[in-house]
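Two complexes, one shared chain (chain A), two partners (chain B, chain C).
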Partner chain A sequence: MRPLTDEETKAMFEKLSKYIGENIKLLVDRPDGSYCFRLHNDRVYYMSEKILKLATNISRDKLVSVGTCFGKFTKTKKFRLHITALDYLAPYAKFKVWVKPGAEQSFLYGNHVLKSGLGRITENTMQYQGVVVYSMADVPLGFGVAAKSTQECRRVDPMSIVVFHQADVGEFIRNEDTLT
Partner chain B sequence: MAACCVDELLAKAEREEAEKLSSISVHKELDLDFDIGNLLASDKNRIDCRDVREQRKEDFLRALARGNTQLLINEVWKQPTDRVQEAIVAKLPDPTTPLPREKRLPKPKPPTKWEQFAKLKGIQKKKKTNLVWDETRVAKNELNRLKNIARVQKVKVPGLGLTPKAQQSKDELTRAVSVAKTSTASMGRFQEQLPKEKPAKSRGKKRKFEPLIGDFSNEKHKQLELLKIMDSKKSKLDVTKAVNKQMREEDREEAAAKYKKGAGKKGRRGNVPGKGKGKGGKGKGGRAGGGKKRSKPGKR
Partner chain C sequence: MGRKLDPTNKVKRGPGKKAKKQQGAETELTKFITDENTGPKRLSSRARKRNFIQKSSFTCVVFVPLSKGFTDDNSKWLKPAKRKRKTDEPESEDDTDDLLEEEDSEEEEQQQKKGGLAQGKKSTKLGVKEMEEEEDDDDDDEEMVDDYGTLDSSGDEAAAKEKKLKETLALESDDDEEDEEDDSEEEGDEEEKSDADLDEEDTVQTNIDEMDKFRLPGAEETSKEGVLPLDLKTIHQRIKDNVDVLCNFSTKREEGKERTEYLSLLKKDLCTYYSYNNFLIEKLIDLFPLSELVDFLEANEIQRPVTIRTNTLKTRRRDLAQALINRGVNLDPLGKWSKVGLVIYDSSVPIGATPEYLAGQYMLQGASSFLPVMALSPQEGELVLDMSSAPGGKTTYIAQLMRNTGMIVANDANAERLKSVVGNIHRLGVTNTVICNYDGRQFPKVMGGFDRVLLDAPCSGTGVIAKDPAVKTSKDEADILRSAHLQKELILSAIDSVNAESPSGGYLVYCTCSIMVEENEWVVDYALKKRNVKLVPTGLDFGKEGFTRFKERRFHPSLRLSRRFYPHSHNMDGFFIAKLKKFSNVIPTAPAGKEEENAEASEATVVADSSQEKPSEGDKTKKTIPSKVSGSKEHAQPNGTAARKTANIKSKGKKDLSTGPKKAKVAKMDGEAVKEAEVKKPTAKIAEGTKASKADRKEGSRFETKQGKKTTNPMKTKNRMGKNKFNKLKYMLQKQDRK
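After this line comes the complex of A and B, so read on.
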């Protein structure tokens, strides 16, 4: 486990800012204590200082997970968000998409969101903007990327893809053994 | 008897003193002018012709010269004295009489061709100050200076490898071996290895990371600074967003215009796309929907 280098921090922040914009500041500078990002096995964990100090007692090869896993760095040093980060993305999300109850299951099985399943969408959403997907009962289901802007969404036919799937809470069951 | 003796002795001493003084002191009507710095004395006294005639000329001149020289010497010993290697010397003051220079003033040199040209064109010499003080250069110069000294004294300067020492450490030896091995034309590529020889440790730069539990406030500060920079680099005018805004406004205007025209035949026409949408939803097939769309203008 080690702190992130400057390049790594930048890569991660750039990815996070696609979903929560300048709200990253609220993750870095928290009034309720000191929180930090740490890298372990190419994965980025977000934890409080207290948890970090406790975790130092565990040897590196035995440590599976600590705090909340935000995502991982690929071999090409790009950052990829994991579904475990949803708890921190959802409250600060700038652009949201609500899916109809009928399309919920399809999304949770790892499919893209179609126009027919689109319940609501934040105004001014641009194309390829990172969005957080909610059920109509405001339960965060996952996140993805807007395939069409809000304007275009009104015009397209119902079977076209509106939100590209990136991660959903179904992964907690599907990828149970790889998620940390 | 004794008193008589004392008187005689005193008189004798007085006479001797007077004699001594007479040899030193010279009586002159007018005092001489002295320039001690130049060891110069000028006698302004009138020379009496009778004296010259009475005595022999030579003797008179000699006596005059001796007297004046005596006065000059007396004046010299009035100056502060110093002792230099068993000899007492007087410190002479600066000369006061201005003397003419020995040689003539040098002639001015004829101007060179360039100077003539420069005068003709009115070119004046400018001082160039392009030089800049370089701190690193100082250290380099110092090193070069030491190297020069070593070269002059024919001392071999150790570079890499083994430096002369009483006892080489294991680390130094391995380092010397690795340097020697890589010092071939092929950078040690075809160098033979001993059996069981361990590959030399590469002495490259080590990656360094911040400590796991270090200065948390500093870390936070750095991250916030990074965020600030990232924020400032975003372009203020988002083209896509601006276009979308424009499109939305146009839509709104269009809708308003339709509403104004009232609930005539045109109102029905407004409903047609809505119907189409519904059909598309029922169709549930991307291709089928597309087909219907294409067919719409035909129906109209």
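After this line comes the complex of A and C, so read on.
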């Protein structure tokens, strides 16, 4: 387990800021103690300093996970957000998409969100903006990238994709083995 | 089109009523089976009413003192355990008849006439037997609730009916005629007729039961059985009768038959009927009174209700229940003792894949898994260790009780199973957890100073046979002892991880999903002896008390404070929970002032201590055993050598005591193993016994004491043992010569 290098920090923060924008500083400067990011097995974990200290007791090969896993660095050194980061993305998300109850299931199985399943969308969403997907009951279901801006969404036909799927909570079951 | 909603006719809505009507899946199944298989036996509404009256009058008058283990608030969702067969029924038939008369209305008159006739006939025929009839009648009703009884008893009844018809044809012919007359008069009341018939059937059938009392099958019959296996119905009936006899042995026994004969037959029948192996059935017979045993075995055939736990980090129980009801799930709160549990009766969607589940609003978790965490009652801001955490149900519950504050270390020895812990922890939004993959036995070396430790020890799983029926046949003595040994090591290391000086904590909760005494009370008793811990109340207001004595073993009296849970009486998986408080970090038998950090060194002293204890224990076993095993000497020879071999290792370990603590630990483990073997394993007992009987008791004890002294000179010890062996061989040869 080690702190992130500058490059890694940059790559990760860029990715995070797509979803939560400047709220990212709320993650780093928290009123309830200091929190930090650590790299372990190519994965980035977000934890409080207290837990970090506790985790230093555990040898590297025996440590499985600390705090919350945000995502991992690919072999090409790109950062990929995991669904496990949703708990921190959802409260700070700037752009949101709500899907209709009928389309929930489809999204949770890893499909893109179609216009027909789109319930609401935040105003002024740009194309290719990172969005967090909610159910109509305001339960966060995952996140993705807006395929169309809000304006375009009004016009397109019902079967066209409006949000590209990136991660959904169904992965807790589907990809349980690869979460860490 | 279709029916219009009538606004004046208000239909009651809401989940409560609907859910209340719904029983668990097992009762559902019962109905299903009953309908299918007992066509003629199906009761009319009136009959049901009558049964209810009978039953309720019985329960409130007689059975109240018998209903044990139901002091808790679970009665709502728990399936009541079946009542014991009641034999000395003080209530006379007249009473119940009166009740019936009060209840039934005018159109009943016909039937009453009929019933009266039948009754009169019966009373002339049988007179005294009436009491038993009534009670057996009740028994049959009871079996309507129970799934297995119905099937079989109905079949029996059909057979009995035929038999009865043949036997009493002449007597009953006029009665039958009258019945038919009645029938023709009232076409609409067919139900009632079948009803009356049914009553009659029951009574006559029980008469037959009474008449040919249960007797043990003879030798030739049993040998025949080996060739032609009996059908299960017969066996089931035989089990019931057998248990009945055994429960009232003095009155119902057959002359000249021993209790053991009945018991061995019962054992065999239980093994066949429920397909357990011999070992487990014997263990269970030791564990439960006979009437309870059958209940337990029956309860293992049906699944426990599915329960979920609300994740209060993300939602509230009411909201979750509403969301799930909207998805077509039929649920109810789990009981007064839990504020977060819900019971799922049935569901139109897979309960483990709803969007709510995926969003982490609840966790699928057996009701019994709530209890250890509730007993642990972690406080906010504490440092808690979950020693074997997979799949994370209890860990997340701990986090939820701590509101995501403090720190939790979730450990498991199996890396593969830890993946589910990671998944569940992230899904439920738990952020204060470190997940690691150590062997629990090494944990005190990794870190210590925990405020609370939960040890859900790996076990033989005899409490969860309903979940994994493979346990029925796959376990034997060695498996139980092996897991008991592991559990002892784990509980010691768990205790060593606790910080007794913690201002808020210093607690350890030990739990297993096994009901074996070896894995539960014995382990806790061992921990009480080895460490500065004491048992404290678990804080659970239901469950049965742990054993303080079991067969030849006596445990610390405070083991009353531990709790046992059984599938048949609490409708949750079999479970054992003990809560321990550590009152000193000092490991006993270590010189005062030594702290936990010196654990290893002090463990070495423990070894020395245990070696001092050993001779006495060895003597104890010797006192009891030799008479038993003196018959099987030749056979025991290899065992004798084996025992000596372990003794050898033991002494070697002691020799190394001075060289290093690590070796000493090994020695200690060996010592434990030997001790266990001495106390428990019959083969080892034989070995010990033969050693004693052959090399004559005095010699044996001298050997033991010498060994105790000889720790410094291993060579000499070896020499001595060689001599010993030689002596033994000589002795044996002499004996053979004499023969």
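Just so it is clear, the second predicted complex is superposed on the first by the 180 of 180 C-alpha atoms of A that agree within 3 Å, B and C clash if a C-alpha of one lies under 4 Å from a C-alpha of the other, contacts with A are read in each partner's own complex, and residues count from 1 in each chain.
The rule is simple: a contact is a pair of C-beta atoms (placed from the backbone, for glycine too) under 8 Å apart; a residue touches a chain by one contact, two chains touch by 3 or more.
Computed from a predicted structure; not experimentally measured.
A.B. asks: A:166 contacts which: chain B (first), chain C (second), both, neither?
C.D. replies: neither
A.B. asks: Using the touch definition from the top, say if A:5 reaches chain B (first), chain C (second), both or neither.
C.D. replies: In the superposed model, A:5 contacts chain B only, not chain C.
A.B. asks: Is there a shared patch on chain A that both chain B and chain C touch, and which residues make it up?
C.D. replies: On chain A, no residue contacts both chain B in one structure and chain C in the other.
A.B. asks: State the interface residues of chain C toward chain A in the complex, per the touch definition above.
C.D. replies: 323, 352-353, 355-356, 358-361, 383, 407, 409, 415, 418-423, 425-427, 429, 431-438, 446-447
A.B. asks: Report the residues of chain A in contact with chain B in the complex, numbered from low to high.
C.D. replies: Residues of chain A touching chain B: 1-3, 5-6, 9-10, 13-14, 17, 22, 24-25, 28-29, 34, 36, 38, 49, 52-53, 56, 116, 124, 126-127, 149-151, 157-160.
A.B. asks: Can you list the residues on chain A that touch chain C in the complex?
C.D. replies: By the definition above, chain A touches chain C via 47-48, 50-51, 54-55, 57-59, 62-69, 83-84, 87, 104-105, 108, 135, 137, 139-141, 168-170, 172-173, 176-177, 179-180.
A.B. asks: Using the touch rule from the top, collect the residues of chain B that touch chain A in their complex.
C.D. replies: On the chain B side, the touching residues are 209-214, 216-217, 219-220, 222-224, 226-227, 230-231, 238, 240-241, 244-245, 247-248, 277, 280-281, 284-286, 289-290, 293.
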